[in-house]
């Protein structure tokens, strides 16, 4: 393994890993605040990709520009899913019937409905959109870097930073953090918990709205794409620490670089088995993840 | 005859007799059904319903009672199928024996996996089980040969046709398969009913209710969950062998895929997890939905039945957390009186 | 009243850099009700959990009826004859009162009908006889607490560890609980009770031990112990010490 | 999607009604012949299944419009579609259903080898003839079955043809690849193809330097591409379905990965019209594609049935015929041919007629074969793939040489990205 190939692998892994991390941000945020593992996470991304596709295909809208539609649309959808589907469960839970798996099952139901409704509505065909212009590939030290992927990767860092800042410095952000730490105490100090939950869910989904627009230009879109990203996001988030914003990015990069480097030595399939093993080991021995607090 | 049994049990008002009666009645009706049903397709569909009922019951045996959501049970199904088929094709061993080896392998795997993972709570456990099952599936899909055993990767295994041969577990008509899966299901249901009343059932429910309190009451959670998990894995593996023999073909994608695990879990949950008859009810409701959606709409409405699954799952979680069996049970109570089932 | 049922020697526990329990020694006689008191954060619950097997001590030992039980798992401790109740405990869902009680019975016997009969008996004993077939979830908070006690009794303990039995109870409920605990003792069960409500401790305990900052600072008759300056200081702070001196 | 399906079926019913009315009372006498068609209409291979379905519908409509099966008093062909969901057990159940319930005379399908293999066994047991569409697994026609017929290639043919084409180009131009990389999807089709290529490549003296399976629905091929770059093979053999093939091709272009003797795809994504709609044309320049039909047949053919089928496909799907559509059309014409000769919709008679099939002209040969004739195992021994090269955005047949059009010249070796 020469140094050039190795550094190439690391660059690939960084790019892909940051994208994984960006996609996983919402999952981590939602878990951190609501303690809900959103099984339908990938489905939201799938839908967001389709929105970008249709905007382009029907109105010729630039995929990056379609973020302006995706973000509010996904926010609204997330807000609705939380307040219509999940909120009744949380209300029931506070009435002492605690069933920790119910939320997972609910979102699994959302996943089944969304993925298959997409199949019914859009058909199984693979779609891909082509921007009218060509985002150039940059060559650094002989290593070609896809411009589109670089944009998405940089956006992941920016969004993670932005959310962290916002959580710390805005009123809503402080309310969200307070609710995450102690729901009942937050409610007693006058925070509208159900609105915070819906906001958080909407925010988590709107991140997917952004990334849908950012990765649509280079990713083939089909109803099945959601699950592929969904499972990757679970791995990333568990690795980084469920609920941690920076952890999502770190987890994404660890997985990205791990798979990129490992697949130069073994087959890519073995590398993906390796990342699943890593996932299990983390869950068993350090369930709080790399960045999570014990 | 059925009515007399029912009447007697109502009079005696026995707490458990009611459930036993319902169970026996259902099994009797199913056993007699082929007298009326002669059409081979209907029989085939009924075999599929019983098969899924059996799989859901196996899943329920541990997950329903201990309150953990395993989405990795398909792995045991695959093990059962692969071991019995490979022993048949490589060693000429009858699948009737091979399935026991498959079951034992699944049991051992279940204990090895269960020991570290059953400590994990809720979603963590679910995700870990998905990961384990995916590892096994991806590994088999990409392994043509392992230690001299031809696993044939994603291509899958074929069971050579031997015609009508009991020892080869092959029959030219559907009827034998029907009675085989029906007896498997009967055993699984009786085992569940027995387990529910035994120490094991009480311990599992206690662990589901409050793990710390259960420990304080002398329940070793690791021991009892592992025991139930092993039995559940064994039953699931036997189902995998049946599947392999019935279709005479298995591949990793279908036999070990996430979709089968979701089917098993969703059927149990919608029917009523942690009850004896819930999974049977769930399979009886959901399997035909898939058949009808396919039969009526052909390819017109792709994925319709899965949308229905998803909606049913959400409705159940929100409004019938104990599954569809709960309202039915209440209705029965109102009309037939007596104690709870 | 001479046989020693519990002996705790040199028990210590650290959490990170913090020592929650410091070299504690005490013992209990068979048939005794021992009260364990102390201000918040004194290490009562930690010591309690180490005896019940939920925490492993860093050093020291716990002997039960002459047998070393140090670091044994909760279920083994239970089978050896030590039961415990929790400050916050949920009844087991989807099970009625009798079935909840039967879980305890299975710790010692596998015979279902025997356990069922015994569970009914305990339900009567607790005054829950008329609710024996009710869903445990539907009980009032206080009945749940009694159920919690009943489950522990069904394991047929020789020693019962009770954690805050009357927290949140009304005065009349507290009185009922005190009577129940006495009745339990009359059945030959020794009881170690952690409690905040002084009145309960004073009326129930044969003897009281006091914890402060992880150390055992007093051991004696309830009336004697509460008047000791170090106990008053632990409860009311330095100011009291100055004022009283 | 579903809307257009509805519209189409309504249209079909209306057409059939009008037809029967026009033909008077004799048409009422002839009972329609039912044929079952098991296809993956949902699940992983749904895109392909739906293209095949369109082909089957078009061919059935053409035959019915032309007066149905003449030897059966103009009996109409009625196609019963069944969805296998790309799953073996569902495929078997559906086969059972259309045979027992719908009482079809003949079946076709089911694209996925994993489905076709057990489903054809049901057909064999229930003595119903089955015309295999799309499945290439060798064993399907190696079981001494009497009722199973396959028009298209076996898997081993596909692999051999790819290497044959390389050998041919080597002879023609005096240079060719020595080392090969293989990248294939990690399920049945990709893996069995790779296994076949390995055997044949070794026999012909090629060295496999990269051997990578990819689980379906990848989100990134950067790692595999890098591995190929590091191993510096002369050419790469690709067997991927559409989504992965798209991603691979796009990233290969972005990364400017040069291979002197190009990309050799065994079809999959590169024979799917959706593929070419989704990429800039230059991404697939100079790629070789092995397909189960001749892509430029529409330029060669003058058969009105084939030309109108292409129009009908465009109307239904928005793009012209693909290998999958063509295979659906071919299967229906083979069945219609057998029905004409059998003069009966009886399964036994139909089986006998299928076994005697010897078609040398007509729309059944839309896939580009010279002849359809089954051996005693039911395999069409005249099946062969066609390998094209993408020249300026157009796939031109290069192999077999006989099928090459006059103006088609292979570009060999292929130019580097920087020279394009």
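Order of writing sets the chain letters: A, B, C and D. Residues in each chain are counted from 1.
The criterion applied here is as follows: contacts are C-beta pairs under 8 Å (C-beta built on N, C-alpha and C of every residue); 3 or more make two chains touch, one makes a residue touch a chain.
Please read all numbers here as calculations on a predicted model, not as lab measurements.
J.: Give the chains in contact with both chain B and chain D, ordered by label.
T.: A
J.: Name the chain whose C-alpha centroid is farthest from the C-alpha centroid of chain D.
T.: Farthest from chain D by mean C-alpha position: C.
J.: Work out per-chain C-alpha centres and flag the one nearest the whole-protein C-alpha centre.
T.: The most central chain, going by mean C-alpha position, is B.
J.: Quick one: chain A and chain C, Cα centre-to-centre, how many Å?
T.: Distance between chain centres: 47 Å.
J.: With chain centres defined as C-alpha means, what is the inter-centre distance between chain B and chain C in Å?
T.: One centre to the other, that is 43 Å.
J.: Could you tell me the distance, in whole angstrom, between the mean C-alpha positions of chain C and chain D?
T.: Between these chains, centre-to-centre, one finds 75 Å.
J.: Could you state the distance in Å from the CA-based centre of chain A to that of chain D?
T.: One centre to the other, that is 37 Å.
J.: Give the residues of chain C that touch two or more other chains, as numbers and ranges in rising order.
T.: Residue numbers touching two or more other chains: 90, 93.
J.: Could you tell me which residues belong to chain B and also touch two or more other chains?
T.: Where chain B meets two or more other chains at a single residue, that happens at 138, 142, 301-303.
J.: Touching at least two other chains at once: which residues of chain D meet that condition?
T.: Residues 1-2, 42, 46, 50, 186, 213, 215 of chain D touch two or more partner chains.
J.: Could you list, by residue number, the parts of chain D that touch chain B in their complex?
T.: 1-2, 5-6, 9, 39, 41-42, 46, 49-50, 53, 81-83, 85, 87-90, 92-94, 96-97, 99-101, 114, 117-118, 121, 125, 137, 139, 143, 186-188, 190-192, 195, 213, 215
J.: If you look only at chain B, which of its residues touch chain D in the complex?
T.: Per the stated touch rule, the residues are 39-41, 44-45, 48, 138, 141-142, 144, 153-156, 158, 161, 172, 243, 247-251, 253-254, 291, 294-295, 298-303.
J.: Along chain D, where are the residues that touch chain A in the complex?
T.: 1-2, 42-44, 46-47, 50, 186, 211-215, 217-220, 222-224, 226-227, 229-230, 242-244, 246-247, 250-251, 254-256, 272, 274-275, 277-280
J.: What residues of chain A sit close enough to touch chain B in their complex?
T.: Of all residues in chain A, those touching chain B are 37, 85, 88-89, 97, 99-102, 104-106, 108-117, 119-120, 123-124, 223, 231, 234-235, 238, 267, 269-270, 272-273, 276-277, 279-280, 283-284, 287.
J.: Residues of chain C touching chain B in their complex?
T.: 52, 54, 73-75, 78-79, 83-86, 89-95, 99, 102-104, 106-108, 110, 112, 148, 151-152, 154-155
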